[in-house]
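Each of the next two complexes has subunit A plus one other chain: subunit B in the first, subunit C in the second.
What follows is the complex of A and B.
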């Protein structure tokens, strides 16, 4: 409690720090939003809750890191990880996900959990268990006597996340495949009647999500670091975001992603780093409780 | 009944060992270890295992252990504890109960060691461990546990002394030092914190920041923002390799300038090669450094060990102290068997309590609580991408660069 008061004192004594935290939160929020968008996509279209989301991200991170190791600017890892993870996602879809998609919730949860463990161990075998991070060697700009620092990597991460998000949203709106995906999400049977092959749509959606995660991972390794077993933390974060926004609400998911970034920065600052993750889980609890109450009211109205 | 059968089988296998001798007519002494090959501690788990393997090979090539005129070679049976304490305890029980191994080596890290010790005590199986520094391991009254490294509360106490002396030299009051610190919330790091807290009390210092980071957090921006806002004089980060990597990365991103920055686990986090600019001037405590003046007959000087290990394991650019201390554990076993002149667990345990050795790792003299209290920590500073011993002053190989000024 005393810490909390002290930390609030710091914030009020130097209000510019608020701005710094806000900027940081928004910059990293874009990265969360993008990955959460992918999760919401698979969740909404295929009704598969992908527990391997964070591990796809780690895989993408290692791809960008490998580039850096070979003397190539790790920023190029963003498109490369997108492409490679697309392939990996496609293979995983045909090997595993396709077989569980029609089963109940627990089967698909267990299957994606299994994928997550396999990915973790594969990364561990290939790249070793060390914490890794890639260096883009870009400048950092300082403002307000050094109290606000904006690293170019974060800015680029933000820009790439926004570009990718816009591209995906436009794709979903305008392309035939995007329309097919949305149609399948709304009513798979009706879509099939109208000549859309759900199988293809599912494969595409799952691969697209994996690809998005790959690109996100490449950004994560530039901004933070990666470790084969760090994926779960990201999966949890993304689940909170999607649950908070509601599965069908894609703009909401993006907004919640930014919200999560800002929430985490302020939470970490005010309550200390030890509560940074606990706060996310508490937030999830809060959101779920709120949703249940909301639904109950709705149900009563229907009755 | 079953247990008795197990003991009988163990005794039989021991008798059988000399009969089923190798070509050179040597017996085998089996050591067992659950070490993390996967999971959060896997990096240091590998270091530990490589240290054990290297020393076992070297000691075996020098004839191993001689008991009653008969030679014995060491052999280590490993299991992967997946960085999971419950799993480690299970595997150690399996090593003892099913694999009939009577002598144990430790896993990497205090959380895992803490989990296995009740098991080894239960089975009265001696453990020599070189990778768990938590003070709390030595206060439980364990009889079969022997640890050879400096306990964790000593890791950063020299740093506080150093900072206080520097402050005095500048004509400042040490009690006005602004110390900011963040620790991972595990046994080891909290012990490091306890040592620091005890030490700052001596100087009447109250740390301005005292934060924790969970083990799967890779973002400490909020903490570093506070460090900048409060203009700390001393910054301490202790969170294993991920903590060190996260700190180096984000200090670089945020251009943190603090006169004294101390980080644990610098080598395993590879901060010098990964963050050459940000890591410059950071201070890293270590149990062992190859420039240390210590030697023994088997491995030669610390520098000899360093060179020979690198030749055998070329993937290591720097030899982490974890490797050296793991190797030292094998020396302790050899010495104990040689003095016990027996393969009996009780006799060997008795011999272990009387350990008093000079090794390339430093002196090892076991105290009644199973620890090695003579072992101290040295501080090194990263200067021009090299680790240089800067503290205590009598063993220092280089002048401390103070205040640290990183050229980001």
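What follows is the complex of A and C.
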């Protein structure tokens, strides 16, 4: 409590720190928004809630980190992780997800949770349980007498996330496959009647999501760090974002992603980094409670 | 005398002679009873009520910590006891230990039930997968919050009071406690599922809106059912904490990826929504785990993940479900459409 009050005092005494936290939050929020978009995509199109989302991110992060360890610029990990995770996503789709799409939601949730456990333990066996981060050897700019520091990696991460997000959105809007995905999300049966093969659309959507996560992971390892068991935290974070925004609401998902980034920066500053996970989960419960209250209002109108 | 009663008597006899028949395995068998408690209580919500919780471990861990605080707090200052800088030597006398333990067990059961009711206020507004994610979040949050709470020793955990008596006496004592708890839970659930309350739970599972329209106070039922399933979990946490002698938040009290997921897996393996499915699943899973775990050398959690995926994808009806489906003359006690706790999904596309 003492600690918290001191931190609030610091924030009010030096408002420029607020700005620093805000900028950091927005730079990181772009990454969250991108991964949350992938989650919302699979959720909306296939009605599968992917609990392995965070572990895909971690896998992508470790791919970029391995590049960095072998003396290659880890930024190249972004496209590489995109491609590799596309493959992993495709394999997982064919082995597991394909069989649970038509079943109830808890089945798919549990199946993806099983995948998450497999992935995090595999990462743990290969890379060990230590926290890792890749160094891109890029400068950090200081503003306002060093109170605001913007690392070039964060800026690049932000830019790449924005570019990737624009590419995905354009793809979904204009390409044939993107249209097929959106059609299937709207009405799977009608899409089928019009000659779209849902099976192909599902495989593509799931692989695309895994690939996005891979790229996100490569960015995460640059601006932050990866650890085999951090995946679940990411999954929950993304669930918070998507639940807060609503599945079909793309601008909402992106806004909530930025909100999450900013919230975490401030929360981490005020409460200390050890409460980070707890804060995310409390936010989840808060968002869910808010949704219940919304529904309750709706239910009263029905009564 | 029907088959259920016979089976319960059989379990009682086996449970009573097991520690003397296989004395070297009595700890493993004690954990098996714990697993039966886990699976049967999970099934109250997951199988009978259709609310798949991924956070029931919260009550186990909460019971563990509540009993620890009661046992220590009765005689010493908890913060001093758990602090790393403790210099005084602490002993619990015979009377102190058993008074503390008995009160701790009661407090754990009551505390877990209260916690379930409170959590139910928030979480039972959620349906389906949202409930599962919400409860998973609750479990992770509980582990993290306890891990940064210095009063109970934060992440480094608490050493429980030492059992006054030899290791043999300790083994038997905790064995019979867990056995009695498992048996009591089964007898209680068997009775519960036959009452109007059990029918109300099934009504909620089959169609919550309709149940509500028929005048069932579904919210009260759900909270009460969760509280009922939390009581044995809280007590088992208290007993297990004393049995291991040392508790820590992430690995023992709130292990999200081990005990927590075992609960679900055991029920799915045995068959959801049946009285004996969770028991069979728990026994089978525990035996397989104990026999094979040591041979996996770090691969055991990957095997666990694969087992989850395979069970969920290829064997969703569980052993009891499979038996009732294939041998309805012998095992089919219920009409067929009641077997699946979940409505058939209507997603027309993939076949």
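FYI, the second predicted complex is superposed on the first by the 295 of 303 C-alpha atoms of A that agree within 3 Å, B and C clash if a C-alpha of one lies under 4 Å from a C-alpha of the other, contacts with A are read in each partner's own complex, and residues count from 1 in each chain.
Heads up, the rule we're going with is that contacts are C-beta pairs under 8 Å (C-beta built on N, C-alpha and C of every residue); 3 or more make two chains touch, one makes a residue touch a chain.
Note that the structure is a prediction, hence the values are computed from the model and not measured.
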Next item on the list: Considering only touches as defined above, state whether A:184 meets subunit B (first), subunit C (second), both or neither.
Entry: second
Note to self: Is A:66 touching anything from subunit B or subunit C once the two structures are fitted on A? First, second, both or neither.
What the structure shows: neither
Margin query: Contact-wise, after the overlay, does A:96 reach subunit B, subunit C, both or neither (first, second, both, neither)?
Written below: second
Next item on the list: Name the contact category of A:110: first (subunit B only), second (subunit C only), both, or neither.
Entry: second
Next item on the list: Go through the superposed model and pick first if A:17 touches only subunit B, second if only subunit C, both, or neither.
Entry: first
Notebook entry, point to check: Counting only touches as set out at the top, which of subunit B and subunit C does A:285 meet: first, second, both, neither?
Noted result: second
Next item on the list: Identify the partner contact of A:209: answer first if only subunit B is touched, second if only subunit C is, both if each is, neither if none is.
Entry: neither
Margin query: Taking the superposition on A as described, I'd like to know which of subunit B and subunit C A:232 touches: first, second, both or neither.
Written below: both
Note to self: Under the stated touch criterion, which partner chain does A:277 make contact with: subunit B (first), subunit C (second), both, or neither?
What the structure shows: both
Margin query: Output the subunit A positions appearing in both contact lists, the one against subunit B and the one against subunit C.
Written below: 121, 124, 232-233, 274, 277-278
Notebook entry, point to check: Quick one: in the complex, what on subunit A touches subunit C?
Noted result: 47, 49, 51, 96, 98-107, 109-111, 113-119, 121-122, 124-125, 184, 188-189, 191-192, 198-199, 202, 232-233, 236, 239, 243, 274-275, 277-278, 281-282, 284-285, 288-289, 291-292, 295-296
Next item on the list: Using the touch definition up top, name the residues of subunit C that touch subunit A in the complex.
Entry: 52, 54, 122-123, 125-126, 128-130, 132-134, 136-138, 140-141, 144-145, 147-148, 256-257, 261, 264, 268, 298-299, 301-302, 304-309, 312-314, 316, 342-343, 345, 347-351
Checklist line | Residues of subunit B that touch subunit A when the two form their complex | finding: 38-40, 42-43, 45-46, 182, 185, 211-214, 216-223, 225-226, 228-230, 241-242, 245-246, 249, 252-255, 257, 268-270, 274-275, 408
Next item on the list: State the interface residues of subunit A toward subunit B in the complex, per the touch definition above.
Entry: 7, 10, 13-14, 17, 20-21, 24, 28, 121, 124, 128-133, 135, 140, 142, 146-147, 149, 151, 153-154, 223-225, 227, 229-230, 232-233, 264-270, 272-274, 276-278
